[in-house]
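Next, two complexes with subunit A in common: one pairs it with subunit B, the other with subunit C.
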Partner chain A sequence: MYVFLIIVSFISVFPLYWMVSAATNKSAEVISGRLIPGTYFAENLKNLLANQNVGGAFVNSVKYSVILTLVSLVVSSLAGYGFEIYHDKVKDAVMSVILLAMMVPFVATMIPLFQMFSTAGWLNTTIGFILPTISTPFLIMMFRQSARSFPHDIMEAARIDGLSEIRIFFQMFIPTMRSTYAAAMTITFMNAWNSYLWPKVIMTDATSQTMPMVVANLTQGYVTDYGMLMLAVLICTLPTAIVFFCLQNAFAEGITGAVK
Partner chain B sequence: MSKPKKMTLSRKHNLTGWVFLMPGALLILLMSFVPMFRALLLSFKTGVGAAMKSCGILNYTRMFQDTVFIQSIKNTFFYLIIQVPIMLIFALILASILNNKNLKFKGLFRTMIFLPCATSLVAYAVIFRSLFANNGIINLLLVKLGILNQPYAFLTNVWSARIVIIIALLWRWTGYNMVFYLSGLQNIEYSIYEAAKIDGASAVQTFFRITVPLLKPTILLTAIMSTNGTLQLFDESVNLTDGGPANASITMSHYIYNMSFKYVPNFGYAAAMSFLILILVAILAFLQMKVGDKRD
Partner chain C sequence: MKRKILAALLASTMVLSLVGCGGGSDAPAADNGAAATEEAPAAEEAPAADSGAAEEAPAADAAAGGSTLTVWCWDPAFNSNAMYEAEKVYQKDHPDFKLNVVETPWEDIQTKVTTAATSGDLSTLPDIFLMQDNAFQKNVISFPDVCADLTNSGIDFSQFAAGKTAYSVVDGKNYGVPFDNGAVVACYRTDILEQAGLTIDDFTDITFDQYLENGKKVLEATGKPLISMQAGECDLLMMMMQSAGASLFNEDGTANIVGNDTLKVVLETYKSLKDAGVLVEVNSWDEYISSMVSGDVAGTINGCWIMASIQTAEDQKGNWALTNMPSLVGAANATNYSNNGGSSWAVTTNCKDQALATDFLASTFAGSTELYDNILPSGALATWAPAGDSDAYATPNEFFGGDAVSAKIVDFSTKVPSNITGVYYYEARDAVAVALTNYINGADIDTELKTAEDTVNFNMGG
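The block that comes next holds the complex of A and B.
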């Protein structure tokens, strides 16, 4: 059993280790099979910066992802809360229609969205990046599920104390549901950072490109500089890895709440 | 006196509920349902920009003569049928091993197996493209070990290109699904497992008689999610094999993208193809839910 787990863990970790080691070695050394971290990191970084606008793309990715995550959490959790706490027959029916949207594949909405957004002048803008995925059926469902465990007596007590409905949401619901928010944040941030198809469609200017797009650009040439390429991959992976490590336990907890 | 007051209060709450859920609901209407409807209208048109004109069901009949599109459907379903079951079974086995209370270094194993999920889809596609390149480390290893005489062009041979995509998908997503199963297992009383052990049940019996039936809702959820994800596969096809060799590994989404934004844009035809994917996703989700319901 341990042997099996060790083999699986090794397969899981090896490509990532190889990426890190390649990012610090010369391309020729990477091809010759060198697996020990080298000293070529600075040189790779210099080549990468000269080759692609990595700084700009990194800033773009951070900007788009952070704004999308914040707006999305507020809008989706507010909706999930509204659907559960004030639920009635009509709202439940609306909720089932929203769940149907989960079945809609992105390619089926991509072309009309592109047409709508280019008419509105939203190509190459933050709003263009975030608008299609601010509100997702998955997040609404997740928050609706967790609102189910929000104690009703606390709400009643708060109402008697004269707290308005919106303040109950912001001052009581959000702090109580920290683990759900952490899980939702991890999922939303990772999806935003990793999204590739939609930015490829609407970010037509070189100056509004995102990190995954830059990494993809680097593979286009005939000769691949592995050191430089893997450094770009590493830079593209670090933010999601950091978010994942910081929120790992909360993520597992939040998922547990969602699948109950 | 108190009754009318209570009614106005509940009406006020009812209204508050609508205000809370309205932004989210409206955005889904505008960003999913409206475009979907427009895609349907678009699928009956041909031409570019303002010069678009109605063409009846021509786009739909054209699809079935388009060999690349048919190839992309075959490829996507090949990935679906091979990858999803292997991944889910593998994830289930890993989760039930890691659920064992006596296992040492449980957290470490869990983190390592989940680690691939921290990489971006483009990033891992590029990593695998490099690993399996002609001068990549996999070829280097196989030649050194004497298994191959010379490097094998994994990415430019039809079947190996498809299999590399499947290997990459398994690597990236098994840990993700495992976490869902681990969370599901937390909701199962551990004493059931101890009781089964005392009764002399083997590990295999415990797995099929306890774990699988009790995790059924979670298995259904992950099956629907992975089916949906695989049918929309894009990043891997673009960045790992570029759909090649000669479209042999291209996915449906990749072809639709090419048809809309890479070649001379043909939005009408692309919309028709995307509508077919929509119908396929809906049918598969419906079937899975039916199968999921049946065994209850």
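The block that comes next holds the complex of A and C.
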């Protein structure tokens, strides 16, 4: 039993280990399959910084991802809350239309979106990055599901005590649903951080590049420096890893939909 | 009543989602046919509109205090570096000139060009971008309003290798300035060959039959195959095809797979190499590179850019030698020269100062031996003939046993037969790669070629 689990966890952790150790080795050593950490870390870092605008890309990524995460949490949770608490036949129907929209692949809407954004002059802007994914059907559904377990009695009590609807949402719903928010935050942040296709299409300036673009740039040459590439991947992975580990417990609760 | 409303709603959502899906599948179709014809008139108007804009633009630019060109390309050590060097060369006579190089992977350049051209908003495109040679004709034909016609721009295209220039020519018009050389070289580990009693001369100007015989000797003496190739990729097939001037398409754009004798010879040659163990297939590009630099195989055949990867194995300095590739046996017009990869610079119609862009290219990539000398250390070899005569190209390369490999490769590149890539080059490549895999595993060659041609015809929409 444990042998099986140990094997499986080894398989899932190994790529992470290799990424870290490769970041400290020379490209030739990575190719030859060296697994032990080396002494080339500083050199890789120096090359990477000379080669790519990592600092700028990192700042961009953080800026876009944080803004997108915060805005989309507010918008999606308000929507999910509204759909559940004030639900009627029409709103349910609208909800199913939203869910159906999940099935339309992004590439199908990309070109019309690009047209709209370029007409609006939003290329190379933060708003251009965040607007298409500000509310996703998945997040709305997630918040709707969790609002279902939000006790109606408390709401009634709050209403009788004279709390306005919007304050019920902000002062009662949000604190109760912390774990759902944490899970949604993790998912949104990861998606925002890793998003590639859309930013690539609208961010045409060198100064608005994000971290995943920097990593992609490094794989393009006739010769790939694997040590440097792995270091870039490592830097690119760290923020999502930190967010995930910080919110790990809440994430597990949020996904299973528990309310304490 | 409620049910009816519900039914209507459901129906409308289904219609909506179908429209969504339809949009998705329509887009590629629009790429090849309808859009191309519809956009053609637009293309005729575009230059007119542009020239109007161009007349105003220099004034505006001058007012802004300089002449800056934006360039998209993808390799900091290679083509971006070449652009920066070109900037320095051009700045000597034009001190105000500036380049804004935006590093963009090739796949992303393709996505951006497709998005811009399909949405009709070309304003996001740069002034100049680098395009893979194999995709050049496809983009010019599918998106006729993206690339500017450079035929009468003052650039002397006759000084470039003819086989190279042909990639960026559509309907007799030049749309690209050739950049890096993709001439095929065969590299061998002389120390491994020695163990089998062979030298590099035994591999120069040979046929694939002799290559197979030599390969068997090396395998017997050292247990090492001569060459590794990525399974499911058909780089080597395409190099073999072009070495005999053969293509997967006819002049008129129709598929030329069934009844293509050269293709059949190529597939049979590949299989005999594989069956004898002289060629070994690996699973990924990284494994391919690794097999060469770690000495698991005795050499490789690829575009000359592969030398940059080989030379990372510093411990093998002096143990490598370079020569031309073997020629096909039983194919008409067989030669020892071919091409794989390489790219060319395109000027977009979005460029506000066409004159500046073409003058920049004409006086650097199509007119400066100094530039080519400066970028030679990065491995960028010219296809511009005058560059090959410079002293820098005659310098011996110690890694390759003191041979003047650069001059050799420029010489190779002038002998490469040209071929037809067309719009569906990548689709045809993929179809042939599938045919190859099945054929190696024992399927009938004619049936597989028929399937491949059907697949390509299906992709072409007829």
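Following the convention adopted for this analysis, the second predicted complex is superposed on the first by the 257 of 260 C-alpha atoms of A that agree within 3 Å, B and C clash if a C-alpha of one lies under 4 Å from a C-alpha of the other, contacts with A are read in each partner's own complex, and residues count from 1 in each chain.
Convention: a residue touches a chain if its C-beta (ideal position, glycine included) is under 8 Å from a C-beta of that chain, and two chains touch if they have at least 3 such contacts.
Worth saying up front: this structure is predicted, and the values here are computed from it rather than measured.
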{"item": "Combined model on subunit A where subunit B meets subunit C, clash or fit", "value": "clash"}
{"item": "Partner chain(s) touched by A:Ser96 [first = subunit B, second = subunit C, both, neither]", "value": "second"}
{"item": "Touching partner for A:Pro15 - first (subunit B), second (subunit C), both, neither", "value": "first"}
{"item": "Subunit B versus subunit C, judged by how many residues of subunit A each one touches", "value": "B"}
{"item": "Subunit B versus subunit C as contact partner of A:Ile7, first or second or both or neither", "value": "neither"}
{"item": "First (subunit B), second (subunit C), both or neither touched by A:Ala157", "value": "neither"}
{"item": "First (subunit B), second (subunit C), both or neither touched by A:Gln115", "value": "both"}
{"item": "Partner chain in contact with A:Met230 - subunit B first, subunit C second, else both or neither", "value": "first"}
{"item": "Partner chain in contact with A:Val104 - subunit B first, subunit C second, else both or neither", "value": "both"}
{"item": "Contacts of A:Asp205 with subunit B and subunit C, given as first, second, both or neither", "value": "second"}
{"item": "Touched partner set for A:Leu131, first subunit B, second subunit C, both or neither", "value": "first"}
{"item": "Identified clashing stretch of subunit B versus subunit C [74-82, 92-100, 236-244 or 254-262]", "value": "254-262"}
{"item": "Contacts on subunit A seen with subunit B and repeated with subunit C across the two complexes", "value": "31-33, 101, 103-105, 107-112, 114-115, 197, 200-201, 213, 216, 219, 226"}
{"item": "Subunit A-facing residues of subunit B, complex", "value": "13-14, 16-25, 27-28, 31-36, 38-39, 42, 94, 97-98, 103, 109, 111-124, 126-131, 133, 135, 137, 140-141, 144, 171, 175, 179-180, 182-184, 186-187, 217-218, 221, 228, 231-232, 234-235, 238-239, 252-253, 256-257, 260-261, 267, 270-271, 274-275, 277-278, 281-282, 285"}
{"item": "Of all residues in subunit A, those that touch subunit B in their complex", "value": "1, 4-5, 8-9, 11-13, 15-16, 18-19, 22, 31-33, 75-76, 78-83, 85-88, 91, 94, 98, 101-116, 131-137, 140, 165-166, 169, 190, 193-194, 196-197, 200-201, 211-213, 215-216, 218-219, 224, 226, 229-230, 233, 236-237, 240-241, 244-245, 248, 251-252, 255-256, 259-260"}
{"item": "Subunit A-facing residues of subunit C, complex", "value": "2, 6, 9, 13, 16-17, 20-21, 23-24, 27, 74-78, 100-106, 108, 111-112, 115-116, 118-121, 123-124, 126, 286, 289-290, 293-294, 305-306, 308-309, 312-314, 379"}
{"item": "Residues on subunit A engaged by subunit C in the complex (per definition of touch)", "value": "27-28, 31-33, 51-52, 89, 93, 96-97, 100-101, 103-105, 107-112, 114-115, 118-119, 123, 197, 200-201, 204-206, 213, 216-217, 219-223, 226"}
